[in-house]
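Structures for review follow.
You will see two complexes here that share subunit A, one where it goes with subunit B and one where it goes with subunit C.
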Partner chain A sequence: MSARIISFLIIIIVVAALPWLLTTPYWRGILVLCAMNVLLALSLNLVIGYTGQLNLGQSAFFGIGAYVSTILVKTYGWNFWLASLAAVGAAGLLGLALAAFAVRLRGHYLAIASLGFAVITYQVLINWENVTQGVRGIYGILPPVGSTSALFYLVAGIAVLVYVLLDNLVRSPIGDTLRAIREDEISAASLGINGAIWKAFAFGLGAAIAGLAGCFYPGFVGTLVPDAFNIVESFTMMAMVIVGGMGTMIGPVIGAVVLTFLPELLRGFGELRLMIYGLALMLVVLFMPGGIVQAWMALKARIS
Partner chain B sequence: MSALLRAESLNKSFGGVRAVQNVSIAVPENSIFALIGPNGAGKSTLLNLLSGIYQPDAGSLYLENKPLIGLPAHRRVRLGIARTFQKIRLFKQLTLLENVLAGFHIHQDAPFWKSLFYGNTGRFRDEARELLEFVGLAGHAGERAGALPYGQQRMLEIARALATRPRLFMLDEPAAGLNAAEMEFLLKRLEQIGRRGVTVVVVEHNMDLVMNVAQRVFVMDHGEPLFEGTPREVQANPAVIEAYLGGEFQ
Partner chain C sequence: MNDLLALVVQQSVNGVYLGCLYVMVALGLTLIYGVLNQINFAHADFVTVGAFAAFFTATRFATKVLGLPDTGAYLLSMVAALGVGALLGLAVNAAVFAPLRRGDELRPLIATIGVSVLIENGQLALFGPIPYQFDSPFSRETIRIGRIFFSAQSVLVVAVSAAAIAALYAFMRFTFLGKALRAVAQDRETAGLMGINPNLVIALTIIIASALAGMAGALLGPVVVLTPFTGASLIVKAFAIVIIGGFGNVQGTIIAGILVGIIEAFTVQYLGSGLIDLVVFVLLLVMLVLRPTGLIAERKEENV
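On to the complex of A and B.
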């Protein structure tokens, strides 16, 4: 328990210090993106890593959070926080709605169904022009707080809070139940576990958290266009979860940090940047199939 | 003795194959009931019908007076029906303790907000450790289930199923792949489970086990009931010997 509190304090100190170490507006912006990506990776990890559901639709929930909150603020004049609450609710409910169909599916079939959902959502954002402004986009969106470093503290604070709550959740009996479903659903049913309900729970909660991350994105960028929620985003989130180590709490956080900063650090390579990024992803999956966390554990075991 | 589990005229076909035909059984409360028959006799299908993994095409099924037809497997567990699998189905990546803890699912009553704010709300850790001790795995609680030797995996599956606190415990070939010492241990444990007031149904190939622990034996062949009686009667029945036992008991 005390080890947990100490690591918690270290994280708080690191988060607090980051905007003082990275002082240019550009790098502070990357910090905000990083905190958002941590939230997204945490949300997807609950579904993929802990419940074993191959969900490729997470970009849709991110987008729903962004659009619902922004439209409520810009068109209907809602207060940002109230709008965010509604956006989180909307993303969560749509997650449950998708789960109502998806819980019958497994593995590849679920992946295709959730991918389909992401494609549909993306098309709706493009074509429902009188609500979303389509590809023309929504402009002049203000962040909920004044400065970039304040926005970082806000999003990072929420990410830490979500981390702590999810960490509690996966160490509770609910975590045992979700992992049991991930490992073997028939076996779980033989212990009285209703797989459909718990998968829907993970789906809905994961969608709500992705929606929460989405609330902060438009104010940070200042504009909102559908392309930010292209299905490629779903794969980026999955890469964060896998590179870090799925099914662990800290893994996706590490994955999100690495995959947010790596492309930035590679900017010196110009055109080669994305190729090096892609190659790095392939090497990680090839040589560290359990992600960075498992590789670290293996290294620690070998040393001691 | 009254029947705890009663099945009447159960039928189940897969495509053209009639896996279970017209099977009626009555499992007396507080007994150890064995289900035997040659390979492909329909024993495992029958067990899947009783536990709710399959629903029958026709027939009725009661636990005491509660109808079970239409109830999915996870709902039957709440009525007190637990089972193990012929092909072991552990949560391989989880530890032994986590496997057994998952078995307490239906007895968990901590509200959701407590799980979010406190974590670790499980109050069954001690009981889970007792179950591990009961099946001879006390020292291995933190090990990964998939890393256990085969025989111990079977025992872990038994501990996990017992965590649901069943009234009716069904085991699908629990002795398959066990060595002599493990068999002996399993026999003792089955008898103990029976003495604790749990009704046991065991599908088994191993005749030693059946003849030693079962009070009633139900014999199936080609999906149909062949004979039912005490182990002694089964051993002496010419039809059973013809169909299944061959020369083993003559």
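On to the complex of A and C.
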């Protein structure tokens, strides 16, 4: 067996064992949150890490997934899975809409455009009260499965599936294409790569995955308010990707796990613990731009 | 007809006054972009810190310790906010912009997002989430001309921002440092060859920009709901203004700031206050697509 398959099996075993190790409802809830964050970090990494497009609007797609699936279930009586499929589609389409800007803009301008995009989505969720209930929120949302550990297995299973899918994607020629765009768009174009199409692909797929994560969020929390999809959520996701190590597959997973559990372990420090996201983001960018993965590689190289 | 005219004049007055506040915030962003081609995402959080510094100076230190009258205390608090802003500028330059001068252009932006999260949650831990009531002696007084009403605070805001803009203009036009600043904005390397120390000029620009942000906080504190997240709601609007005015273009930023203020005032009048951000950001995205260079086409010699 190759090292890849062995490490994959280890991950499966660890994931399967987790609800037995953390038995209180509180920590099981954190596990579900962690699996969701892994999905979100994976989705953003495809856009920021592999395609090199600084997208500050990922919270919008998370929100679209959550709202579209919940409204279809609650108001129109759809089946959860069918509603989720529609929600993923809606998020993906919206990702393509943002890609229309990404094709024309780069660098700082794209960052601000994506931020504006997220603000507009957030404002629509607040103001379109007939459909979204605005700031009053939607209540009494049921999860698709009964228990918290079942929900964890569901979301974590999907996260593992998405990981495998993306892992194969970035190893394929498509991954090379995306990396070529990240490194130098003009050189990539000279090799016959259509930057616009592949950027749209990355934004659309990334948005669809974030939308998928969004489908499970409302049932987990039980309520749905626009504030859950504030632009700060985009920064949290970005912190996970960058702290873990963007442009690697395992990095964002590590970042999501660390930045989900660390604030919980720091609960004793009250509000100060929320500073950890900002501090981690700043320190990593300054001192180890490749994140935890790079630091680990450097450590391994020094030992051997 | 007369009623309509009075309404239009009243909202225009409100808009100009709001716009002046926005200009004070957005000018710093545009100045930094002009010389450094970088975005300080924590810029609007400097406004919040300035507002809190002014609040505590005015309500605790100046009145209780120094025994100053209200007006004197408020004016002193503006100076304190200016100083705190300048210190923050010094710090963010030393911690983020100076070390990240070379390398990926988006790293400083990401690092300052970390700074922003850090400042917001640090303030949350220190000051709590409950809004502060910051009364300036000028906000209590209302002036009436014909059928138009405005507060003395708004007169102060317009006067201070006009003075700040005039001082900035005089500094840029007539002083050696101002000339050096424009030279660095035009071409950093050539300016370096002419004996200008670009690092010093960049540091100075960031300090001036941040001092302006701090003072804007003192002006803004009595007008808005003062919470640790006041800056967060302001930063995206400041970006909108900077983009509409043309990144790095000082004149454009001033015009765009006042324009956005007026648009906001009329949005409140005709569409409702909930839709302000929506209107401004749709305008931002439209501008980005149709005219990313801003309202005024960039003339290089004016591009500070």
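Of note:
The definition used in the following text is that the second predicted complex is superposed on the first by the 291 of 304 C-alpha atoms of A that agree within 3 Å, B and C clash if a C-alpha of one lies under 4 Å from a C-alpha of the other, contacts with A are read in each partner's own complex, and residues count from 1 in each chain.
By our rule, contacts are C-beta pairs under 8 Å (C-beta built on N, C-alpha and C of every residue); 3 or more make two chains touch, one makes a residue touch a chain.
This is a predicted model, so every value here is computed, not measured.
Legend: residue contacts after superposition of the two complexes on their common chain; A:Ile174 is shown touching subunit B, with no touch to subunit C.
By the touch criterion defined above, A:Leu94 reaches neither subunit B nor subunit C. Within the superposed three-chain model, A:Val124 lies in touch with subunit C and out of touch with subunit B [touch as defined at top].
In the superposition on chain A, contact of A:Met275 is made with subunit C only, not with subunit B. Judged by the number of subunit A residues each one touches, C leads among subunit B and subunit C. Of the two partner chains placed by superposition, only subunit C is touched by A:Ala111; subunit B is not.
Of the two partner chains, subunit C is the only one touched by A:Phe235; subunit B is not. Counting contacts as defined above, no subunit A residue meets subunit B in one complex and subunit C in the other.
Every residue of subunit C that touches subunit A in the complex is listed here, in rising order: 33, 39, 95-96, 99-100, 103-107, 109-111, 113-122, 124-125, 232, 236, 239-240, 243, 247, 274-275, 277-278, 281-282, 284-285, 288-289, 292. Per the touch definition, subunit A reaches subunit B in the complex via residues 165, 167-169, 171-174, 176-177, 179-180, 183-184, 186-195, 247.
Interface of subunit B with subunit A (complex): residues 51, 53, 72-75, 77-78, 82-83, 85, 89-94, 98, 101-106, 108, 110, 112, 114-122, 124, 160-161, 163-164.
Chain contact summary for the complex, subunit A toward subunit C: residues 54, 56, 101, 104-105, 107-109, 111-113, 115-117, 119-120, 123-124, 126-127, 231-232, 235, 238-239, 242, 270-272, 274-275, 277-283, 285-286, 289.
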